[in-house]
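Structure incoming, see below.
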Amino acid sequence: MRWYQKRSNKKIAHWLSLLILLPMPLFLGSYWTHILGDIGLYVLMGIGLNVVVGLAGLLDLGYVAFFGIGAYSYALLASPQFEVHIPFWSAIPFCVLLASVSGALLGIPVLRMRGDYLAIVTLGFGEIIRIFLNNLDPITNGPRGLLRIDPPRFFNMVIDQPLEWYYIILFFIVFSILFFQRLGDSKIGRAWMAMREDQVAAQMMGIDLLRYKLLAFSIGASFGGLGGVIFAARQGSIFPENFSLMVSINVLCIIILGGMGSVRGVILGSFVLVGLPELLREFEQFRMLVFGLLLILTMIFRPLGFFSPERYLGKPDFNRPRGE
Amino acid sequence: MGRKLWVFNLLLCLFFASPNLAQDDWGEIVIPPQKPIKIAVGTMLTGDYASMGIDIKNGVEMAVMEKGSILGHSLQIQAEDDGCAGPPSVAIAEKFGNDPLVVGVIGYMCSGGSKPASDIHNKYKLLMISPSSTAQELTARNIPVFFRTCWNDIIQAKRAAEFAAKKGLLKVAVIHDKSDYGQSLAEAFARGIKEKGGEVTALEGITRGDKDFSPVLTKIKPLKPQLVYFGGMAAEGVLIVRQMKRVGIQAEFMSDDGCFTEKDFIQAGGKAAIGAYITYAREPSADWVKRFEAKYGPRQTFSPQAYDAARVLMDAVEKVAKKKEDGSLVIGKKALRDQVAKTDMEGVTGRIQFDANGDRTGSVVVVYQVVEEKGKAFFKALE
Amino acid sequence: MDPSIFFEQLINGLTIGGVYALVALGYTLVYGILTMINFAHGEVLMLGAFSGYWTLSLLEEKGILWNWPFSSAALAFLMAILVCSMVGACLERFAYRPLRSAPRLAPLISAIGASIFLQNLIMVLVKGRMRVYPDIVPLSGFHLGGVFVGYFQLLLLGVSIGLMVALTFVIKKTKVGIAMRAVAEDKKASYLMGINVDGIIQFTFIVGSALAAVAGVLVGMYYSQINHMMGFIPGIKAFTAAVVGGIGNITGAMLGGFVLGLLESFSVNILPAQYKDVVAFAILVMVLVFRPKGILGEVVSEKV
């Protein structure tokens, strides 16, 4: 076992990283703290998508739908749109639950679909949600977006500084990571992994595919919803264009590059995805180009991502003519 | 963090500096000796509308380079990519807000970015002058640091409606591209036409990026409109004006500044674009255009507005900045803002004055028509 | 609904549908043989459009275009087919072949990567601006009961159907076609029978890409305007069309394309026009839920 796989060493690493992360904003200044917040949001969503794609093996290309549902549900509950002003902390459980229910609803029609169909259909759902958000003007204000969303209050303080958001996001991330680890180690997690590797075999072992798929979708969706709520409260205004397909693809890429099922990978992936372009603003043009290439190369050389928990043991392939 | 640091800096300066300095309500920008004054630009540098964004940057750049320096401090422009969207605009707003040398931002390019970014600017009380964000909400929210050298959607649409009514084109079909910009314009136009006693036979949305609009045009045809008004950008506008003729709609076509582009509308539209009415601001003088194009190539829509915005900012800085004995420059933020609000200058887009909300006053929008004279098609100003 | 409106929307729908059908053919061929969605196929359409544009622009510069319009157009098609075939072959060889034994999600993600790469490659080359085809297409037509039918629209329709017929002939009667069907059925057995499996797979990609290339040039000529993102949504819709008709089934792809085009066209009269795209996605979902085999049924080997 390598030294970074030992459980005791892992624990030390976790505490160390927390120790480093806590005072970081003080050294970084507002701007980079803000960027860290952006990264943190993606980490949150990456963890959620990791439940669906990484643990359960269901390729969801419409994850942004839950991000959007979380964001808009909070915005509608805490802005001048309907003159309802439910406090942030009270609204969170409701919005997350709403996202989770949407996840289950989305899961129902796709339960029996094959992997690639599932991908396209979920992509379709993501787009449908965005189009509806853009078109239901009386409710969502359409492309003009929802403005003046209430920021959270912490005792008497209004949260509107990057520093304050940093700690809130960090708090949620830690919470989510713990939740995710527990989930991965539980009976549910094992059922998902079995499902991911071979659905037929899993079914034969008595795993109720339907139930576990729905569970995966809804739990994964709740993380997306949480991310959405934070996004809305932090940015102060949201627009349908914030919830495009690119967000889904970005989150997916974080998982791919980082490793399916791996939390470390999600964190690394988020840093690379969000942080790198900030550092390389001059090369923005080529960023997506490199991105696409990176996806292809990663799939060829490390199909489970850089930090995958297990190495993929390739089956001998009879489809490949000898001599290739 | 940055803010706390320079407040400390300020106190230090006050302690050592001349007792004549009055402290500004919102704080002050201090440019140390030998350091440049930064004019920041938030615009789209890569992606779909990069050409428009880079054009804005060029407009600012030209103004800044022409000015050169203020009170012995060189002027420098710092351009960042705002991605025409919320999250990147907010990120660079934070960046600018924490840069002690930035006196103001010319930006952001798109309303979707300006709206959330304006909140950040309000937090830092950093000036924000947009050359191209036309959403009406931006000046309706009491954000004192926001100004714009372009018009807003309501003004442009009203102007268009007035013109249409004057021409007797009162039966209209309105199409928009379901964007903040396009839809706001289209709806304001529809309202305007109704106020003038006209009839809006259709109000339909299309999707940006789509190519075939024959279904929706076929739907509109039997309604026999006299005018088709399109709120949106040239990419779709030119397709609509072409397909309109193909489908057989006998109506005039009118659109907004999104279609005011030589290449994407006139050239791409060919014969179908002739006769179209497009609203836009007052064209800068041919001389300015020549100077600009000699340096940067063919101009896009907003470089004149960006140029004017930069000049407004630099002008105000020059009037308000106080030089200290040690060579540094002190600019009071509120004083700077108030100075911008008092602006009265001749810009390349006309006389520049701002109302209490930051909108430009005076007649800003002009109606053009695409005409062909001597074998060349161009935008001709009508009124 | 007014009969003339009906006919007009019919024509509109068939025109749009024709394009979807051509692209759907490519999807269906690849899916039939590899059980994989070639996400980058929409970008091949875009590349075809740009290749045609660059060819025509070059010819225009040299003064050839307006003197010999037909030959120029033919050359544009040829160049597009050439370029896209190469791209298709490269995609297969470098982005998909190494992943044949990888986990299911890998080729899909690689395809997404290829799609992003191609989009941005063109974006960088043209600096994000759109390009406009020279106006060499006759926009004339004739009137049939108050409805205008353009010659070019008929051409589009004709080309789509013609290519489909040709393709069906190839698949059913020629040696290559039989080999393609064999490989789609069972790669192992085909290999054992002496068929060059990799070669056939490459050939399939080339054919599919060539079809998309033709569609790309047609779109460029008809709508005049092309940009680097033009392949994305049509790609998804074409895939929807292939699924609706029955994936792996050539006639199905054609049928699906036209059905989708017509549904989109008519939906505009029922719903507000901004929901047009939702129609396509909604159809996809409903078909996959209620009749995943599509209208004409699937022709794919079952992956147990």
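Going in written order, the chains are labelled A, B and C, and every chain counts its residues from 1.
By our rule, a residue touches a chain if its C-beta (ideal position, glycine included) is under 8 Å from a C-beta of that chain, and two chains touch if they have at least 3 such contacts.
Everything numeric in this text was worked out from a predicted model, so none of it was measured.
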Contact-richer chain pair [B-C vs A-C]: A-C
Farthest chain from chain C, going by mean C-alpha coordinates, please. B
As a quick test, compute the distance in whole Å between the mean CA positions of chain A and chain B. 35
Between chain B and chain C, what is the separation of their C-alpha centroids in Å? 39
How far is the middle of chain A from the middle of chain C, if each middle is the mean of its Cα atoms, in Å? 33
I need the residues of chain C touching at least two other chains; which ones are they? 123, 272, 274, 277
Touching two or more other chains, which residues of chain A qualify? 134-135, 285
In chain B, residues with contacts to at least two other chains: 46, 178, 205
Partner chain A, residues of chain B touching it in the complex: 1-3, 45-46, 80-81, 85-87, 90-91, 94-95, 97-98, 112, 115-116, 119, 123, 135, 137, 141, 178-180, 182-184, 205
Quick check on the complex: what are the chain A residues that touch chain C? 53, 57, 59, 109-110, 112-117, 119-121, 123-125, 127-128, 131-132, 134-135, 200, 249, 252, 256, 285-286, 288-289, 291-296, 299-300, 303-304, 312, 314-315, 317-321, 324
The chain C residues in contact with chain A across the complex are 35-37, 94-95, 98-110, 112-121, 123-124, 187-188, 191, 196-198, 236, 239-240, 243, 272, 274-275, 277-278, 281-282, 284-285, 288-289, 292, 303-304
Spell out the part of chain C that touches chain B in their complex, as residue ranges. 2, 5, 8-9, 12-13, 15-16, 123, 127-130, 132, 135, 139, 148, 150, 219, 223-225, 227, 229-230, 232-233, 264-269, 272-274, 276-277
What residues of chain B sit close enough to touch chain C in their complex? 46-51, 178, 204-207, 209-212, 214-216, 218-219, 221-222, 235, 238-239, 242, 246-248, 263-264, 267-268, 270
